[in-house]
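Mind having a look at this structure? Questions to follow.
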Amino acid sequence: MTAFETMLPLSMLGLLVVILFSGFPVAFCLAGVGLTFALLGGLLGMFHPMQLFLIVSRIWGSIAENLVLVAIPMFIFMGIMLEKSGVARHLLEILSVLMRRVPGGLALAVVLMGTIMAATTGIVGASVVMLALLALPVMMERGYDKAVAAGVISSSGTLGILIPPSIMLVVMGDLLAIPVGDLFAGAVIPGFLLSGLYLVYIVVLALLAPAKMPKLAQAEVDKVDNLPLLVLRGFLPPTVLVVCVLGSIIGGFATPTEAAGIGAFGATVLAVFNRTFSIGLLRDVARGTALTNAMIFGIFCGATLFSYVFRELGGDDAIIHVIDLLDLHDWTLLCLLMVIIFLLGFFFDWLEITLIILPVFRPIVMALDFGDAVPSDKILLWFAIAVAVNLQTSYLTPPFGPALFYLRQAGHAHLSLGQIYRGVIPFTLLQLAGLVLCLLFPALVLWLPDYMGY
Amino acid sequence: MSLLLASAHRLKAAARGIGTAAAWLVVLLILTVVLDVITRRFVVLGSTKLQDLEWHFHAALFLFSLGYAYVEGEHVRIDVLHTRFGPKTAAAIELVGALIFLVPFCLIVLYYGYTFVERSFMLDEGSASQTGLPHRWIIKSTLLGGFFMLLVAALGALCESLAILLGAPPPESRHGEHEEVGL
Amino acid sequence: QEAKVKWKMAGTFSSSLPQLGTLGKRLEEQIAKVSGGSIEIRFYEPNALVPPLESFDAVSVGAIDAAFSTPGFWGGKVPALQVFAALPFGPPSPEYMAWFYFGGGQEIFDEIYAKHGIHSVMCGMLAPEGSGWFREEIKSVDDLAGLKLRFFGLGAKALEKFGVSAQLLAAPDVYPALDRGVIDGLEFVQPAIDLKMGFWQIAKHYYFPGWHQQSTFFDLMINKDKWDALSETQQAQIEAVCGDNVRYGIAEGEAIQVPALKELQEKGVQLHRWSDEDLQKLRGAVDEVIAEQVAADPDFKRAYESFSTFRTEYATWKDLGYLK
């Protein structure tokens, strides 16, 4: 490849960053920069106008006709319904009273909620929005540091892409020809490991800097009388809901996607029992859902256009070319791949990154030699999970971290994007720590699939 | 100027009207899922059709609310710098962005989308799974409807930002209520 | 000296999947060698350029040059093309090829694709499929009533006649759905591929024969203008490589199932075969479904009648020439 051929697609990334900071909506910046380069490619004879047809194909085939994405509006609906009907509020109030002696108790509760949600869905947009709707107002009221709250919510909300069921692991299974069950089993321990790292970090931070996560004032606690009744009122309804959602999946009544619908319906029923339901409430929840959902899908539409033009202009080849130039082997190649995947995460979503990296490096990675560290027939599985842990980070890295955008939109009354960017940095570092652990101790990935007899 | 503001108002109201109507689709979506989950244990209603219907509802929902979300200012922005801009600078950015990014995006999707829907109509395309819903062109045409409403919303934003640049008072910003600390 | 051709070809299955993807990848490698570099057809993973089910339109309008797929994918758009992919109770590959290349199939095939601005070359063949993975043993087809199965195409329509509820699940939901019993079974491809997909981890009963899908043709769809612009030599090179790909697919498909079946059995999978009586019942349902299709679509009728006429006549030779 000539230097120009390498630089042209890579300069798309540079222009995107500049344009994003103009403050024009992210979705349309992605589309606009993509179209600008399509035009440029057309002038250079690298792009034919008819190729633009594929923008429509991609918006339709990958986004509109995608049955798994249907879970997003239903989870958002559930979140808004729980928030507006006051159910969420009761729960978190009671949680903060109960956990008042635990350092960072509320943040810990959010991580646990995120982990539970991760076991029901793999849809990051849905879980981040829901956690933001439910937990952010309470965290703000309790005087939590904004950056900390932002980091906790966005990182816990992205666990779903790693902890099974996960669409990302299914797609990776296809691309690498690894059984989905192996990947699901392999991702469980790393997923909970990350969740554990978040918990430890929160406790340590709460002990070191208590001002960032203030405990509930004794005066507030004293106001509470008849705790058991409060617990019943606050805990029972959401517990029933969680049991319905998880139970319908585990009991074999619903798929994970359908469980989102069960949850949304259940949240509405709770609002009826809570005597807060009205047609006006339903209308407000539906409108709120439509708006947040449109924001998420707007980004999907813009991003699919952007990555398509990037690929047509030879972006994938440029990246592979750069890796080839370095001519590395075994551990160094593996580390380089991890670094590249991390860097790509600044700009692309997991699907595009897996399409760039996995098909090309599948045969190469299979032939690597890690001595006794990893048996040769398990290298691909171990690699895949390491990539998956790495890719979860792509949701969190500025400037183009989708989880950060979802949080920004759902929590716009409380958080600025600057606060979110700062808050997520420690969690990104925790992610990297988790990745390094998986690489250093392959058993974290390989033990469970082996135990399950795969 | 008043003509510009009046047009902006009308265009935005149109996008908002369609969006608020489409918002109810989420309720239909949830009911469809619940119906499918409950009934398929007992009777064969045709799950493939219901599951097709789910993404049909969702496609129409998100497409028709793209423009609605734009007029309501719900499309997320990296406003780290944006909040420091004055109203005129912000209006200029909106004007340029809508003109060179958003309007061409809509026009391209509409132009190629027309071919896309027309092909489906000519074939009277049905579900690829044989047991699903027929007449795919109906749902595919929401692509045109949705992006047309986004175009309408974009034209509304164009008119409004042009009016602001010409001296009209800027509307209240709904994202401006928190203090911005930057990076 | 002919112009050098550089095409982009959309895959509809990942290149790592045996046969489904590897045959497309093989086409990419072989055409470069056979044409001495005058034709480059680059394989793109599914979704890299275009979502798999959108590749028909994309090739047709010329947004991509080519796609590697099976005609059976387009049942929702052009029902007749299903006749050229795999038919329930359809023929084994020699008979299928005899009809396609010498029995009038190809002419109809070319005509149908030409209406959509596509020239297509048969470019691969898959071995018969398994007819499903089930959580519980199925004693007879009558046990199928009320089951929830993930099944597609004409086979799904036939199964509906037994009271099966066909499910359309999102890809990531399939594994948990089968694991937890939201669905009772599913159909995917053949032992060598299903082994890689890992269905054996959650369902232990694997049924044969693949009554719904015997031999399956794969094809290389090419935008017609691009095809017409090739030199005769280049066209012949593509046809030769594709013809060889069909040969390769048949041989490979027959060879890779046995090791896969052994491995599946070691993993505790029970292999079952439908009884003749069950197959007879299924055939009755299939005949009904096909009669419906024939009545609904003139092109389907034409293609199917061409095939069944050939099949009836061919039976003489099949009975006479082959050992039973």
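Which chain is which? They are A, B and C, in the order written, and residues in each are numbered from 1.
One rule holds in what follows: a contact is a pair of C-beta atoms (placed from the backbone, for glycine too) under 8 Å apart; a residue touches a chain by one contact, two chains touch by 3 or more.
Just so we're on the same page, UniProt names per chain: A = TRAP transporter large permease protein; B = TRAP transporter small permease protein.
Predicted model, so just to flag it, every value in this text is computed and none were measured.
Trainee: Using only Cα atoms to place each chain's centre, name the chain farthest from chain B.
Mentor: Centroid comparison gives C as the farthest chain from chain B.
Trainee: What pair of chains has the most C-beta pairs in contact?
Mentor: A-B
Trainee: Whole-Å distance, chain A centre to chain C centre, using C-alpha means?
Mentor: Centres of chain A and chain C (C-alpha means) sit 36 Å apart.
Trainee: Nearest whole angstrom, what separates the Cα centre of chain A from the Cα centre of chain B?
Mentor: The computed centroid separation for chain A versus chain B comes out at 23 Å.
Trainee: Among the residues of chain B, pick out those that touch two or more other chains and give their numbers.
Mentor: Where chain B meets two or more other chains at a single residue, that happens at 51, 115-116.
Trainee: At least two other chains touched by the same residue of chain A: list those residues.
Mentor: Correct list: 52-53, 57, 60, 65-67, 70, 253-254, 258.
Trainee: Can you list the chain C residues in contact with two or more other chains?
Mentor: Expected reply: 53, 57, 61, 168-169.
Trainee: State the interface residues of chain B toward chain A in the complex, per the touch definition above.
Mentor: 19-20, 22-27, 29-34, 36-37, 41, 51, 54-55, 58-59, 61-63, 65-66, 68-70, 72, 74-83, 85, 90, 93-94, 97, 100-102, 104-105, 108-109, 112-113, 115-116, 140, 143, 174-175, 177-183
Trainee: Once bound in the complex, which stretches of chain A touch chain C?
Mentor: Within the complex, chain A contacts chain C at residues 50-54, 57-58, 60-62, 65-68, 70, 122, 164-167, 169-171, 173-182, 184, 249-258, 308, 311-312, 316, 351, 355, 359, 362, 452, 454.
Trainee: Report the residues of chain C in contact with chain B in the complex, numbered from low to high.
Mentor: Of all residues in chain C, those touching chain B are 53, 57, 60-61, 73-78, 146, 148, 152-154, 156-157, 160, 163-169.
Trainee: What residues of chain B sit close enough to touch chain C in their complex?
Mentor: Those residues of chain B that touch chain C are 40, 44-48, 51-52, 115-116, 119-120, 123, 125-132, 136.
Trainee: Quick one: which bits of chain C touch chain A in the complex? Just the residue numbers, please.
Mentor: 14-18, 45, 47-54, 57-58, 61-64, 168-177, 180-182, 196-198, 201-202
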